[in-house]
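We just call them A, B, C, D and E in the order they show up, numbering each chain from 1.
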Amino acid sequence: ADDTIKIGVLHSLSGTMAISETTLKDTVLMMVDDLNKKGGLLGKKVEAVVVDPASNWPLFAEKARELISKDHVAVVFGCWTSVSRKSVLPVFEELNGLLFYPVQYEGEESSNNVFYTGAAPNQQAIPAVEYLMSKEGGEVKRWVLEGTDYVYPRTTNKILEAFLKSKGVPAEDIKVNYTPFGFSDWQTEVADIKKFASAGKKTAVVSTVNGDANVPFYKELANQGIKATDTPVVAFSVGEEELAGIDTKNLVGHLAAWNYFESVKNSTNDAFIKKWHAFIKNDKRVTNDPMEATYIGFKMWTQAVLQAGTTDVYAVRQAMYGQKVQAPSGFTAVMNTNHHLSKPVMIGEIQANGQFDVVWQTKAPIKADAWSPYLAEDKGKVADWTFPWACGNCTAPKYAAFE
Amino acid sequence: MRRVPLLGPTGWLVFLAAALVAVIVIPVLATVPAEGSALRLPAYLVPLFGKYLCYAILAMALDLIWGYAGILSLGHGAFFALGGYAMGMYLMRQIGTRGVYGNPILPDFMVFLNWQKLPIAWWGFDHFAYAALMALLVPGVLAAALGWFAFRSRVTGVYLSIITQAMTYALLLAFFRNDMGFGGNNGLTDFKEILGYEIQAPSTRLGLYIATAVALGLSFLICRFVVTSRFGRVLLALRDAESRVRFLGYSTTGAKLFVFTLSALLCGLAGALYVPQIGIINPSEFSPGNSIEVAIWVAVGGRGTLVGAILGALVVNFIKTWLTGAAPELWLFALGALFIAVTLAMPHGILGLATQLRRWRGATPAAAVGETAHD
Amino acid sequence: MLTVDAIDLSYGASRILRRVSLTARLGEVTCVLGRNGVGKTSLLRGIFGLQPIAAGRILWNDQPIDKLPPHKRAAAGLALVPQGREIFPRLTVLENLKTGLAAAKGETTIPDEIFELFPVLDKMLHRRGGDLSGGQQQQLAIARALVTRPKCLVLDEPTEGIQPSIIKDIGRVIRLLAERGDMAILLVEQYLDFARELADRFAVMERGEIVVSGNRGELDDEAVQRYLAV
Amino acid sequence: MTEALSTAQLYLDGITVSFDGFKALNALSLVIEPGELRTIIGPNGAGKTTMMDVITGKTRPDSGTALFEGRHDLTRLDEPAIANLGIGRKFQKPTVFENLTVEENLELALKDDRRIRHTLFRRLDDEQAGRLERVLGEIGLMHRRHDLAGLLSHGQKQWLEIGMLLVHDPRLILLDEPVAGMTDAETAATADLITRLAQYHTIVVVEHDMAFVRSLGAKVTVLHEGSVLAEGSIDAVQNHPRVIEVYLGR
Amino acid sequence: MKVFRALILAVLLLVLPLAVRAAGLPDADLAKLVAGLAGDGFDDKIAAIDGLGASGDPRAVAILKALGDGKLAQTENNQVLIESSTGQFADAVTGAAVTPAADPDRIRVNNRLRGHIEGALSRLTLFSPDPQDRLKAATEALHRPSLDGVPALDQALAAERDNTVAAALKLARAAALVRSPDADKSLAAIKELTASSDPQVRALLGEVAGDRGADPKAVAAAKSALAGIDRRLALVELGVNLFQGLSLGSVLLLAAIGLAVTFGVMGVINMAHGEMIMLGAYTTFVVQEAFRAFLPASLFDFYLVVSVPAAFLVAGAVGVALERGIIRFLYGRPLETLLATWGISLILQQLVRSIFGAPNKEVANPSWMTGGFEILGGFTITWNRLVIIGFGFAVLGALVLVLRRTNLGLHMRAVTQNRKMAAVMGIPTDRVDALTFGLGSGIAGMAGVALSQIGNVSPNLGTIYIIDSFMVVVFGGVGSLVGTLAGAMGLGVVNKFLEPFAGAVLGKIFVLVAIIIFIQFRPRGLFALKGRSAEA
């Protein structure tokens, strides 16, 4: 009906990704609920259309099409894995839809139809490694890049390798290893890490292990006695939600790099957590970075709609640029014209209670690079969707002639 | 005692009616009535129907070997996926300089992994004819090779099921590996055009859909031809008492190899038609669960009848589409309950139910579709 | 006494048995004869509850048993040597025999007489049932039924595939069991000489019905000619 | 022996088959001449069925020679190849295709080209159709031709299997207990049928029914513990003391 | 102020090592060090920690432990307090109970600090009365060799009575002396290290061997020592691979064992098998939570012992219910069981998701299954794996006994081989069917208990194991428990021997291809039935 605004929620509620994605669906529903309680948007009620793409990548594309063409949603909040995003991307571009993507990812992309509210590599991976190289981080000299074999870890590791080499780390001090999705028997890998770490140089593990594989990975780390003081593991895909599924007693001191931790103290975050607990009716449920990214995305979109006075994609998109949101991280997140955010970077250490202690953070928000300065093929690439560039992947502005 | 006709008179009638709806009525509805009119078929349904029809070919191909020859392959998704990859590789090559990194030869993921040259496996895929050939040949040859070894060694029953499963599982892992050169977990996507037509254009979509419908029709007739021949009888006999067939002088190895390979070819065809309509092919198509699902469609529709397999694929997938949208948190309950209900209430699947009803009303069972399904 | 009282039995739509009545008394051998496909085996299936009966009653010692599940009928003392042997192929000979103990109340051993009757089984105690030759399997099937210490022994063409000397032995045993007086024996047999020699009573079936029955002497050549010839 | 080797329809020499050390066949030698009708008897477990398994390629012997028509080494061929040489078999336990109709069972057994190409395109010709009809009548299953074979009674399956042999028309027919479960009258009819068949075929029959064996009037071979115990006319064999002891009983 | 504090510390650091065995510091000195812990910069804190480590003051141990455990807090006026496990506060120096006005701030530590805390603690505990503590300290010293530590080690060695600890101390001392400027001492130390297989020692010797400036004699000695260590390590690695293979095998075995009953014995293509495992894992979770909620912490370690029968009963009961409600209508129709059990699996997954939520649940290893023990060469044998190997064999053994030695087992097999005839023989087939399916499901549930100890507890748990389970049962030979065992262990070991060369993914691919090829030679699995009975 005309008195409602429909928004799509495209997160897997079944299959392997349900573990992570259901929470994001709930976050969107919480935000919608909140918005409606405050009177809705443009005087209309907001209605969430939830579908289940069931961790099936082609189904993501199909459901995206259905949401836009059949349900005529104004915007879609969705996707977790990069492959699901890649799968829906052509659909959003063809049908001129709008997707808010809330998960840290590999970068190398900037679509006019997507707003990326998760971290790009320069907002997570690089700062984390820099921290470990610092005196405070233990002056790490040797690196194990352990990842799940897919595009996000591959890209991140490629960027990290380039970065480490630029910092003078010799090739023999970098070990890269990939395991498949859902990998569960980590005995050999962890023993290998131990061996690699016993060469006399301070060693750290940079983990881009994703999803289900993390629990057995950490259990094995703990049991084989890899201690944070000797060989810290810094992860980019392990947040509070993942820790909630692991016994952290023996993992204290291992690290994660995000743009938000639940343990951050500020009033926005307190309110966010309170709202979440009230909505989900369970005080034990944690918050995490992708939830915060969803929160930021949702807030920005509502602000942009209000500003534009319409949900029309063209208008909303224009209104998005420069949009600011006071984020639970305690910083103000800003949407840039490359469709990515400026956000702070934080390094947290795992505590016995399943939370992270922030041991380091940036002074100010960092602007996300859609294209990595460390990669040769990205030389000169610019993502800027405003005049004169109007392009996510160009080395020259589209409208240079007008200048 | 002549050869069983390809289809009985009623059978032909049903077949032609279905063909009419699929190839004429639906396309007309998708184009002629004004946009927004009640008669107009929404554009998003066309590729969806196309997908169902691809799945129907896949299900029929599985039924051909499972329902008739008793070979339960739990790896048929692999042949489908290989066909899909062949087509996907062609579509990838058609992207040309429109990719993220603008490389005219190398697909983006190769640029990204610092590959300098196009791997040999990719040669020739810029030609449609070659890709189409490969979409059939690769699954066909793989099936023939696996089948030759397995059937010759008399691997049967669950043992065969498990090696087909191992095959698709191994392929899943292999295709996941970025080092394989097929795009890793992301697979192949972001296609631009096929045979010079823009892939997202409604007319292209419609064309692909019609091609799929025609392919399904032809595949059905081919399968019908096979199962109504004496060879079809040999298959049925094989399913019941394989060794006895051998003592009659039939080479069971040859017979099985023939249908297995034919079936894989049909899967390859289905996969090749699937990819341009869906827009992505990635390793999860190889996942063993997918192949098991195909068996489920067949069982729901009614094993041992080609029409049943088609029906099962259409019905289950339609329900799945509907429920994942309409009841995103409950659809697994509904689908699970459906599977249980079908097994308990309709031992011969949906088609079996139709037969039961007809028998109940006194008509001869197999007449309407002209199928000889003894199961 | 086993009483079959006017039972009907069908497979799906086709009626196989029509109002079949029969009694098998303790201490007697009752023999059922009839051409292929007339319904002899179906009758036994009905008696053992392997196929539901559509009408009629089955009584064992005047207690109705037709509502009981097969294993309860076995517990009541009925034992079957089925047509086609139906031994458990992947159990050893010994294990096959042990399955008979389930219905043998309180008994835990396999009687020695069985091995005296079928010495080959003793020799092959640990061979899998399915590996035995056809005749050996048939012997096993009979032995297995005897292990249950039946009160009513039902045999469906028990001599099929068995060598002549053992057929004679089986005949002797059946006779012996009957003469003990506490067992009813129902024998389905095509082998007329064997049947004639053993039967106290007989019943001839034709297309699902019992057409002639009576005492041993009453089975005349005319009936044989009429109902058993081709 | 070399002469026998080249002229014999079936030539078995020194065949040994053992299962986990148990010798089911023990250096068995047997020669069947073309056109001969031979009955084989012997105690349960003597190895009769195993011998047929060896001839039809189901079981590979541990050692020994098995030649068909002096040329074909049966120990090297697989079952379809042996069947296509012209060896047909009826199994001890009736084995028919339960999910095919009686008629389809027979059609599959028809003597015809068995290659895939042929079976895909082949239609029944008049001659074959006629033969099918005849055999259906002969085995008494005309009225059940469209029924699934699985629904037949035990004895009817036996007949169907014999019918399959008749339409197959192999040169060497192996019958493993063909009259088990038949009435006496049917047994007589079968004996009659076999004697007729024997005019144009080589036949080996295994049976325990001595009346039947006698009525065939053929040479009898007695197997015991995997080798030949005695051979000769039915009378000679029936009076052979060892045969009486191990087989016939007193 | 800051400078001053640092200065004091520096002096203390210089003097204190000589006084390591001194009974303790004057309160004022200790208080100064402790105050340093509440400093703002990490550098200050580190200086204070090192100072405490060198102090030899027994009170320092508790303070440092509290710091490491996050139990050290500071009040607004910089008083440093230790928080007890019951939440009471006490002054860190005096030990006097304190009731702070406001909530005191926890003193934060990071990894760098933790490293120093451990070092300091090891120095302090070098003279602990508990030999276990001393051994730990000696090992710690071995891993952080420094010439400065030698005098302390000498002292400790002189006083040491325990042989094991003494040996460890000697090794630590040698490791520290490798870099001694005195060439003879260094050489002697290298020779002494030859006997060790510790990876740290190996790294140390590697450094010497590769050091061009070093004494050639030392280099030669180091090289020969290295060669010896490497030989030993190669052997150890072989053993470790075997252990890891058995461990993976035992996981496969546990996952498959229940299926060996429902599928192997009963012939039900049980796609819901994985969900039975999942139910077992969730039962473990529930039992754990119950223990946490209702029983004293000291009993927590026993929750797993209770979980095993609980999981057996829960999964078994669900199995019986499914059998009675659905499966029993499908005997003799294996395809339909495939379909129905697939449906069941979807429903169970979603049910658990609805009840417990989609995210993973945390299941902790009890302390006796936590960690592991190091064997030669820094390899660790972890307790949870060891226990699971034993558990796998125990479950299999019990099942074999049930199937082979009991009437129930005989009846189970008879019923599946010929249901009708079994009934005629007097076997209550209904009850046997239900019990068999229940047994298979219950065993799967017990497997879930074990698997919860090494992996995820999530609604998808079952889908992870279902493929492998079928693979193992079929590969081993359907119907053969020995086959299941051999299949599981074979696949596990082969996988683990391939992994170091091929990597995890290729290794697994090779294993799968090997299965395909292997089946060509044994078309009915590893332990196939042969002969006529196989066809029947």
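Worth a mention:
Assume a residue touches a chain if its C-beta (ideal position, glycine included) is under 8 Å from a C-beta of that chain, and two chains touch if they have at least 3 such contacts.
This is a predicted model, so every value here is computed, not measured.
Taking each chain's centre as the mean of its CA atoms, A is the chain most distant from chain D.
Greatest Cα centroid separation from chain B: this falls to C.
Of all chains displayed, B has the C-alpha centre closest to the centre of the whole protein C-alpha set. Between the CA-based centres of chain A and chain E the separation comes to 30 Å, rounded to the whole angstrom. Centres computed as Cα averages put chain A at a distance of 75 Å from chain C.
A separation of 52 Å divides the Cα centre of chain B from that of chain C.
Along chain E, residues 349-350, 463, 505, 508, 531, 535 each make contact with two or more other chains.
Touching of two or more other chains is recorded for residues 131-132 of chain C. In chain A, the positions touching at least two other chains are 13-14, 149, 178, 180.
For chain C in complex with chain E, the residues that touch the partner chain are 48-50, 69-71, 73-75, 79-80, 82, 86-91, 95, 98-104, 128-132, 144, 148.
Interface residues of chain B, counted against chain A in their complex, comprise 42-44, 47-48, 51, 100-101, 109, 111-113, 173, 176-178, 184-187, 189-191, 200, 278-280, 282, 284-285, 321, 324-325, 328-329, 331-332. Against chain D, the residues of chain B that register as touching in their complex are 1-3, 225-226, 229-231, 233-234, 236-237, 239-241, 243-252, 254-255, 258, 374-375.
Remark: chain E residues 42, 70, 108, 110-112, 114-115, 118, 143, 199-200, 202-204, 206-207, 240-241, 244, 247-248, 251, 349-350, 353, 357-365, 370-372, 374, 378-380, 382-385, 453-460, 463-464, 495-496, 499-500, 503-505, 508 touch chain A in the complex. On the side of chain D, the complex with chain C involves touching residues 19, 22, 42-46, 48-50, 92-93, 140, 151-156, 158-159, 177, 180-186, 188-189, 208-210, 246-250.
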